[in-house]
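Quick one: the structure is below, and I'll ask about it shortly.
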């Protein structure tokens, strides 16, 4: 644990896509190619088996295999966050045990989902996870998927758990997020933006880092944005945020099919194939053409 | 399959709670007691491992054990619906294979969840499930949990799949549900109400049956309501609907904690214990007292 | 007031469209034609200056003129409901005073709108209106427009005001509406369905009447549905509800442009022109063609 | 018009509360006191008869009287925005004519409300207003009240109207708002934040100004925040945003009763009375005590 204590979650962390072949199986060769691209651009670590990584649709064995491959590919240099998207407290704790030998730097847990639950259940969920976990825990707020938002007061309460080390907020609710800069969080607690549109403003306000799914396509403006924010150069932060906003168009042009769009774009750049775990969730040729146009406009193709 | 073809989904089907002990393990003795209560009141079958049954939080082994016990307890007399609450198409099909030897009368599948998906993905999800399944499939529309509603047009399209035999609609959206009485469904297709407040109106309009979670507490008014609806006696349907509405108060008085409230009520009646799989999701003493008051008002205690 | 006391709100009440010419002015000749059509089909009264009547966009003078014309055209035979769509309590009371000499049978008031308000404000709003009004008051629940829903408990509380004589519920929330058949309302209180999809089920459950905007196009199935519901003939109620559901398609085919669709349809039948008060809110030629197809399928054209 | 052309909407603009006495009438003496407080703190202008000003519940005459008093009190030094909260295009244009002689620097119009309308109707609404108006028009996006959001693409389209000079965005949707820094707006177009939680981030990203209702209580941190943002001092911007966030607590502690809370607070500071136009919308003594606590914590009392 000594090692983990020194690492803190910050900087630019891509939410790695899970590369699949036509039969829906993981393509580890492509996975390495994608890791290589992101690492050489200067990312600080990887967020594995998350929402972008189709984690909820992967088996536990698959999640462990992906994790091991990424660790092998990155060595000990980079920070690895093992996301656990499981609907109940028990299932999450079971997965913690399954990852025990792998010693991820951070174990990232969503709220319960399927059932709508009150905040006290969310709070107890994280307390039980925290006390069961030998790893540092990151809370993952993504109410558009779990439909259980972690309220600001719940976050505050949970900072008292010593091994809850931060929150990744993908809610897109900047009002709640921005309350984090009120110096209310303890020093060991990281405050991570997970909605790409909000990266610039968040880092300027003092957020510790960003996790990005879109960055699988083009990670450079995220790395640049992070650096400029740390220098306090708002104008250059804006320039990079503009690039990210333009990249976001690949999701708008497909009416919100986020994962298929990201995979289509990375495919066009030669580092993925288009297949997703939800087999019928594909882009039409027309939609793929629109994604291509966005990449061309950005001179990525 | 011959046998199944003759059965159609109709009548009163309780969504069986999964009886747990303090350690969260299934209590099969209580399970039998509950089945005995419901069977002797005249229900037509059982809906197993559904939302009320905490299906999303049970392991596959647990779901199979519960199913086997219910089959054993009921013999071949009653219709068994095996609910499968799994987030992806593949996981659902995997569970169909796991249930293959058990030959449930109906296999009930929700839409994909966690991710928001367009209707075409929902349609393909059910088509792939239907073609993989040796059993009759029932669609389960519960957007308050899956956040992916099955639209009316999608239901209509899917009636062309011969072994999709009906829909259980727990959405509470009576406008969409009521469009089902337009004689648009084929004869082999059952149209089942899953929202207790809407049972009376639905059966009068011609719905084939109802699935109820609340009925675990007190099944008699549901059985009575069904019979009176089939006789066209609207006034007696209303009387029974009123009793159901009054029973529904146990959920209102706890601000919507449905499963803990149902379990608390069945416990007060001596056929359950209060424990749920989501361990921190309990009623306070005050809330339990309110549940008790509702039961007393109904002279169930 | 003696006269009013004997009238109760029930039966079929069309929510009259406000007939406009190309310059946006009221066309009283067409208004009479439309009243004539509806009256001869056997409606019980008229709902004037409501949501379908574009009430919120009419001036007070216009509302009074429309009211006077309808009264003149119908004599004293029919029940007239003067809808008042005004955002505040004071403005509503002011309008009551403006209508004083006209003695409408019922004065229909929405909740406050623009601001979101708690239920206690809604309750006080109606209490103040009730005590200021010489007429019987009907509450108008239309949260899709006012964004302030009248909760069931608030309705119950307000039944203690002797001159609040009913509620018109256009919310489409059948669960709340259906709680009204629990014999909880006093005898002088009318319970009126305002969502056409729900008419059949509501009347079978014991609702007193229906208000319909779509009925401007084709009122016969509503009148028939009402009669069959009173006879307890569920099958014929369903037949008429099916016709209404098919008529509803004119709104679906235009993606929810309700008023332009209704006006287009009545125009095609020769009793209106297409103009609305919100001048840029028109159907395209393509949309008008779709409306025409729906009418043709129903053999109205 | 020459004069207006040179003014651009920017800086700190309080959305003036409308001071009322117990009988609901405007108290001009208090109004002047409040203007004096805000002016001497260095605001750039006033936003009059807006949502905070209870504009939708004021008569046209009242709105004109308030406007005239503010103009008189401020002379020609300050920029005046006349808000017009009216539900239809015609009513808005009528109000423009009523304000014609008063020559406000900006006339601020909301979208149509009560009815839900598509974006094309919103676009035509503003085009018709723009061509009817001798003043510069500001669009006012407040979907929590109008329930018709102005989409980003609609804003972009409307920048082609030369006398539409900006947008005040009170939606709280920072994702859409932040797209404004993409250099897509013409130079004469102002981009104003109306949600206090988002002021700091918005101004750092390049927004032109802020309109604040909460600032009626304590305007100093807003003025300071604006200055520091223009200097690019993110840390001092954060300090002031923190003060604003703490001030925001007065609304949280009353469960969102924004106007009553603001008026209660300004009353405690001796520049208002507690009365609102929606008479039953008051704070309880308990709630007022909580508001007082927030002010005490901020050392304003």
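Here are some notes:
Lettered A, B, C and D in written order, each chain numbered from 1.
Keep this in mind: a contact is a pair of C-beta atoms (placed from the backbone, for glycine too) under 8 Å apart; a residue touches a chain by one contact, two chains touch by 3 or more.
This one's a predicted model, so the numbers in the text were calculated from it and none came from an experiment.
Under the contact definition stated at the top, no chain borders both subunit A and subunit D. Any chain bridging subunit C and subunit D, meaning touching each of them, is missing here; the list is empty. Of all the chains, the one whose CA centre sits at the greatest distance from that of subunit A is C. Averaged C-alpha coordinates put the centre of subunit A at 35 Å from the centre of subunit B. Subunit A and subunit C have Cα centroids lying 50 Å from one another.
Contact of a single residue of subunit D with at least two other chains is seen at no position. Taken chain by chain, the contacts form a single closed ring in which each chain touches exactly two others.
Shown are all chain pairs that touch, namely A-B, A-D, B-C, C-D. Of all the residues in subunit B, the ones that touch subunit A in their complex are 24, 51, 56-57, 85, 87-91, 112-118, 120-121, 124-125, 128, 144-147, 255-257, 259, 277-281. Note for the complex: subunit A touches subunit D at residues 172, 174-175, 178-179, 181-183, 195, 197-198, 200-201, 204-206, 232, 234, 238, 241-242, 245-246.
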